[in-house]
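By letter and in written order, the chains are A, B, C, D and E; residue numbering begins at 1 in each of them.
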Amino acid sequence: MTAAMPVIEAKKLGLTFETGDGQVHALSNVDLTINTGEFVSFIGPSGCGKTTFLRVIADLEQPTSGTITVNGMTPQQAREQRAYGYVFQAAGLFPWRTIERNVALPLEIMGYSKQEIAERIGRTLDLVNLKGFEKKYPWQLSGGMQQRASIARALAFDADLLLMDEPFGALDEIVRDHLNEQLLKLWARTEKTIGFVTHSIPEAVYLSTKIVVMSPRPGRVTDVIESDLPRERPLDIRESPEFLAIAARVRDGLRAGHSYED
Amino acid sequence: MTAAMPVIEAKKLGLTFETGDGQVHALSNVDLTINTGEFVSFIGPSGCGKTTFLRVIADLEQPTSGTITVNGMTPQQAREQRAYGYVFQAAGLFPWRTIERNVALPLEIMGYSKQEIAERIGRTLDLVNLKGFEKKYPWQLSGGMQQRASIARALAFDADLLLMDEPFGALDEIVRDHLNEQLLKLWARTEKTIGFVTHSIPEAVYLSTKIVVMSPRPGRVTDVIESDLPRERPLDIRESPEFLAIAARVRDGLRAGHSYED
Amino acid sequence: MSFLLRNWQSSLVLALVVMSMAFLPIISSGGVGSAFLIVLLIVAGAVGAMVLKDRIAILVLLFGAAHGAVWLLIGALSGKTGEATTSFYLLLAASWLLAWRLVTVLSSIKPKGRGVDVFLRLFIPLLFGAWLLILWEAIVRGAGIPFVLLPPPSAVAARFSNSLPILAADVNQTIFKAVLFGYVVGCGTGFLAAILADRFVFMRRGLLPIGNLVSALPIIGVAPIMVMWFGFDWQSKAAVVIIMTFFPMLVNTVTGLAAAGHMERDLMRTYASGYWQTLAKLRLPAAMPFIFNALKINSTLALIGAIVAEFFGTPVVGMGFRISTEVGRMNVDMVWAEIAVAALAGSVFYGVIALAERAVTFWHPSIRGG
Amino acid sequence: MTDRLRDKIWPVTVILMGILAAWYVGSYSMNAPFQRDLDRRAGETPSFSEFVVKTMSQPKPTLPAPHQVAQNFFENTFLRKVTSSRSLVYHAGITLSSTLAGFAIGTVLGILIAVGIVHVTALDRSLMPWIITSQTIPILALAPMIIVVLAAVGITGLLPKALISTYLSFFPVAVGMVKGLRSPDVLHLDLMRTYNASRWETFWKLRLPASVPFLFASMKVAVAASLVGAIVGELPTGAIAGIGAKLLNGSYYSQTIDMFSALVAGSIVAALLVAAVGIVGKIVERNMGGRAA
Amino acid sequence: ADTVTLQLKWVVQGQFAGYLVAKDKGFYEEENLDVTIKPGGPDIAPEQVIAGGGADVVVTWMAAGLAARDKGVNLVNIAQPYKKAGMQLVCPKDGPIQTTDDFKGHTLGVWFFGNEYPFYAWMNSLGIPTEGGPDGVTVLKQSFDVQPLIQKQADCISVMTYNEYWQVIDAGFKPEDLIVFNYTEMGVDLLEDGLYVMEENLSDPAFKDKMVRFVRASMKGWQYAMDNPEEAAEIIMDNGGQDENHQARMIGEVAKLIDTPDAKLLVPAYERTAKALLDQKIIEKEPSGAYTTEITDAM
């Protein structure tokens, strides 16, 4: 493993949306460092700014205060160097392209060869178990299948930094387990840095080297938990006491961020 | 409790989609009875026909074989009597209406009084913890908040049969737990019949009186599990052995429906 | 009661027939003989459509009754132009209602096979059009409207078939020279201008307001100027067509380019996709429904533009030339023959574009069926 | 204010200057041949600069120079009483009134037709092709006949002209609205279905709001078409008043300068109308929670 | 007062001075008539208007009137104010055409919309085909204006002595720069502005009487206009005419065509017109009853 070099460094980051009836403080005073090769999960109640933070990293939203660097550059420079793979919360497939052409989209843009494209389409669609649906159009697929296609699209090219916004939200447990495992393998193999939003505590604990717990109004980081689980993680690690201890800490952090407790 | 009267009776139900490149057997030979006041969860790999089955019940899709009755009527007649509340997999809010106007939509259509509408908007938005966002437009809300708004919309009026397609997919565990509890309370109070699609095994077991496990290509019912858990369910029932036993059975059923096993 | 409402046309038909009895005969100088047969046909159709169960039988009956009745009605007019009575018009309305019923029943058919579907798609509008002509014929001849104001379709048809070479020459001059050239260039430049305006903010801010101003030029004023500049042959007409088609294309394309969703655009941003790539892969496909909207609007505008421009100075051939000249010669039938050609050509033109639209924007909810 | 200067005024000015320069070059080269003939017949041999000035001061030039048009436009707009038949404001007012009347009727008619087509299968199947066909009929050919026929039944004045505007403007609205009314998501339509919403409610609460962007886009085209219709309609009515009459009389006497300033007036009216529709559209979309693009 | 609606053939201009003056000066009122004057315009066919019941009496050219009669609109000429035709063909002297022998292979501007008959009659008599090519002439449908001559799109164009001719002069041509072919001088003229009514109306004596009074007042108007062209031009301007000096000049020229304002139809001119139309098959049958002198005789 290379020495921990900061990929993302956020300092006193803040973002305020102006809406018709006042301001929304989506992020405030966020300090966070993510190092190369880390797998960082973001967890927190809905509306706490997880998506917004990922969007700031990817240069899709401009912070209104504080600073953020990506690979030592501004997010914009990093984006222009195609440092990101991004999986959005909604699938966002292009309705005029078949599934395979959707997966091919970033590859075409990044100038991969025809052959390479074909090869990668096959590989990634296989990974998300969508073989046989290459020629279907998005609206002919179920919600979960669409989401898997959008994951395939982000995995098809080699971005060093993978940002995933609830990629497995619409999937069943089995597929989710399967994809969790695949993702871990991919991560181990490629040494990507991954930013991952999820609502599932076990998923966060199972996947991450670092778990960022957030809380809303204004969106801020309330806890950063470094996981000491080994890098090799069989699925049944989820029953281990270490695992459950981390999960409990995350749950407590989460609960603290909620207004209602019964 | 009223005597178990069948609300939904499907017999040898089948549905085949014609697509550009061949047929997709979304449902085949589905036999299922759901009685009044039952809470039925549907679980299965993505693309196995859960959504399709719910849509057939709600008269949004026409079966191509077999029969189905709802309250002894055809789905169409039941729909015309406004028997359904439906929560879609995607939020599907109207972008030109604020959150509160979105919730008011079915109430307006069903001719509730102004006062009643205002009262119900307040109550249901409270239930899903969206107080303070009444005047926001959907795009100003996070994905999970949108989904909650769409749940509020379906709960606002009094349908006897509530069909929910992964309503809590985009929510974090805490909110999810909270809404699970609220839903159970609502169900106990109103004796609605609920059809519920989920990918979470604990959620399915926690909520349901009956769990329907499905498997894809062609979509069919592989297992129907009657839960003998008591109707009163504190959250910690999820650690009980009965609970875990049912969960294990569901997991096995699910796994059997998947092609990959490692 | 609901039985009467579901088929309100039949009920109304019967009411009309009863009323028409009060005003017999149908032709002021004629007897009541043929009227009897007509009434019989209409009543049979109306009652049959209400009581019969078999759809095919209903269709056949309605078709026969409506067309038989109107055929007899128009036949009764021969040599008795202008002598139609109230009774005539009531029976005419009744047969038309039967035809409407026919169309309603036909439209409710959900065709299984592709052949049936295509047949219905063509047959229903044709039936509608045929009835426009039938009503026109019956009313013009029944009321004795002067030939120079409005000729009956039968006269137009006769003139049409006698003048094919002239019509062909006019179509060649107006459509194959002026319209096609102007349409392609006008739509093309409108599209390019939209891209330009989209690419360079400076252009958009500068060009769009001026473009709006210039391109909304009333073509009537432009046409004589174009004739001055480009001569009296087809080039000046093409110039008018270019000016007319430019604006809709510009506006629609600019709107369409803004139609891509926010998330999709963000996605392209994360790929650091360049302007042209985003354009080609996201924004143009998303703009296609709008672009086709412009292409369709322009297909009709182009034809009108070219024809109207020919009112201002042309060689002695062309559809617009013919129309304006033959009005002056009181050959109104020839005028309508040219109009019929224009309508036919325009519909074909539009139809081709609509087909292309279906093929290109197959993914749009409005095509997938919403 | 400086933002406005940078964002709006500056680009427009630069491009206008470019157009003006091209226009001057154009008017020199288009007027030169006739001027040469004139000089030859008069036996004059002017210097080049004299010649250039002459090409830009012909009373009936092929392409009037911008300053000739500007001067004429200024005189006829600002130096005449608005009630005078020589005032462009007067003529623009006449044209505007029939444009607006025709546009209003056309928009309503277009919407009604679209509603019918979207809701009545029989109309959808049979009417649409004929609506399209109706637009392929050259209106100028019909305009005189319409005016003659309407006059025969005693309808004169504003209405016949407005009807021609209507004829041209209902079409874009009808086509755009059919598209707009069919634009809602399948999901939204399904939602309304589960409420067993009546057609009317689905229309009012879903189809109509969803069609608003389409409506305004088509209305922009329709209002420009209305103006053309009003002008066309003015030609066969004796060409006494209105921008169309100015154009016709100008062309009848080869008064190109008059024609150009009438065209400028027409374009300004058109631009104002299109802008007005655009602004109303923006306001409506903002009130519907529209999100800046 | 009895009402009369008059449909003009063209926009308000000196060509119709008599009627406008008669209305303005109250000559119609003196005859107990309430006259409405409807201006015409391009593509308004007066024959169509009268057939549709939009007018009682129209001003039109005889060729168009006879053609309409042939098509079943029973028009009858009741008065013929214009004795001579005002149409002519002008060509620049420095152009290729000096005499009728030079026409072949060149382009001529012609007005259509019922105004083309004299031209075709003339070409017919010269034996020149009009389909273009080196042995014939190419015909161009001329616009409202004289631009085709200035733009050199045509070698000769049609003008009216009272109108477009002066526009050519205004555009910088001097009379000596132009070659003029005048239809009247060449003896191939067809009758121009006459007054026409529907035949069935004439069987009504009251209508006849109304027309007698109408024509009488109109000719009084013409006389007044010819005597006071400046004032008449003023009246025309008030009714929507353009360019005051041009209108006064137009009235002066029109006066030459009217000669004496008695509105009497010259039967030989009528017969020549009818024959020319028959020869060209513009009308199919020999017209009969297409004119009456009863009205002018009763004046």
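Basically, contacts are C-beta pairs under 8 Å (C-beta built on N, C-alpha and C of every residue); 3 or more make two chains touch, one makes a residue touch a chain.
Please read these numbers as outputs of a predicted model, since none were measured by experiment.
A.B. asks: Applying the touch definition from the top, give me the chains sitting in contact with each of subunit A and subunit D.
C.D. replies: Chains touching both subunit A and subunit D: B, C.
A.B. asks: Please find the two chains that have the most C-beta pairs touching each other.
C.D. replies: Looking across every pairing, the one with the most contacts is C-D.
A.B. asks: Given a C-alpha superposition of subunit A onto subunit B, how large is the rotation in degrees, taken in steps of 5?
C.D. replies: Answer in degrees: 180, to the nearest 5.
A.B. asks: Report the inter-centroid distance (CA atoms only) between subunit B and subunit C in whole Å.
C.D. replies: A distance of 48 Å separates the two centres.
A.B. asks: Averaging only over C-alpha atoms, locate the centres of subunit A and subunit C and give their separation in whole Å.
C.D. replies: For subunit A versus subunit C, the centre distance works out to 54 Å.
A.B. asks: Cα centroid separation between subunit B and subunit E, in whole Å?
C.D. replies: Spacing between the chain centres: roughly 84 Å.
A.B. asks: Taking the mean of the CA coordinates per chain, how far is subunit A from subunit B in Å?
C.D. replies: 27
A.B. asks: Return the residues of subunit E touching two or more other chains; collapse runs of consecutive numbers into ranges.
C.D. replies: Only 42-43, 45, 48, 52, 143-145, 147, 151 qualify.
A.B. asks: Can you list the residues of subunit D that touch 2 or more other chains?
C.D. replies: 62, 140, 144-145, 148-149, 152, 185, 235, 248, 251, 291
A.B. asks: Touching at least two other chains at once: which residues of subunit C meet that condition?
C.D. replies: 149, 224, 228, 262, 311-312, 324, 327, 368
A.B. asks: So, with touch as defined above, which chain pairs make the list?
C.D. replies: A-B, A-C, B-D, C-D, C-E, D-E
A.B. asks: Touching residues of subunit B toward subunit A in the complex: what are they?
C.D. replies: Per the touch definition, subunit B meets subunit A at residues 17, 19-21, 24, 43-47, 51, 89-90, 129, 135-136, 140-145, 148, 166, 169-176, 178, 181, 199-201, 251, 254-255, 257-260, 262.
A.B. asks: So in the complex, which bits of subunit D are touching subunit E?
C.D. replies: 33-34, 38, 41-42, 59-60, 62, 85, 140, 143-145, 147-149, 151-152, 235-241, 248-249, 251-254
A.B. asks: Note which residues of subunit C are touching subunit A in the complex, please.
C.D. replies: 261, 263-264, 266-274, 277, 281-282, 285, 288, 361-364, 368
A.B. asks: Please give the residue numbers of subunit A that touch subunit C in the complex, ascending.
C.D. replies: That would be residues 55, 58-60, 79-82, 84-86, 88, 90, 92, 94-96, 105-106, 108-110, 137, 139, 163 of subunit A.
A.B. asks: Across the complex, what residues on subunit E touch subunit C?
C.D. replies: 42-43, 45, 47-48, 51-52, 64, 67-68, 70-73, 112-116, 130, 138-145, 147-148, 151, 153, 282
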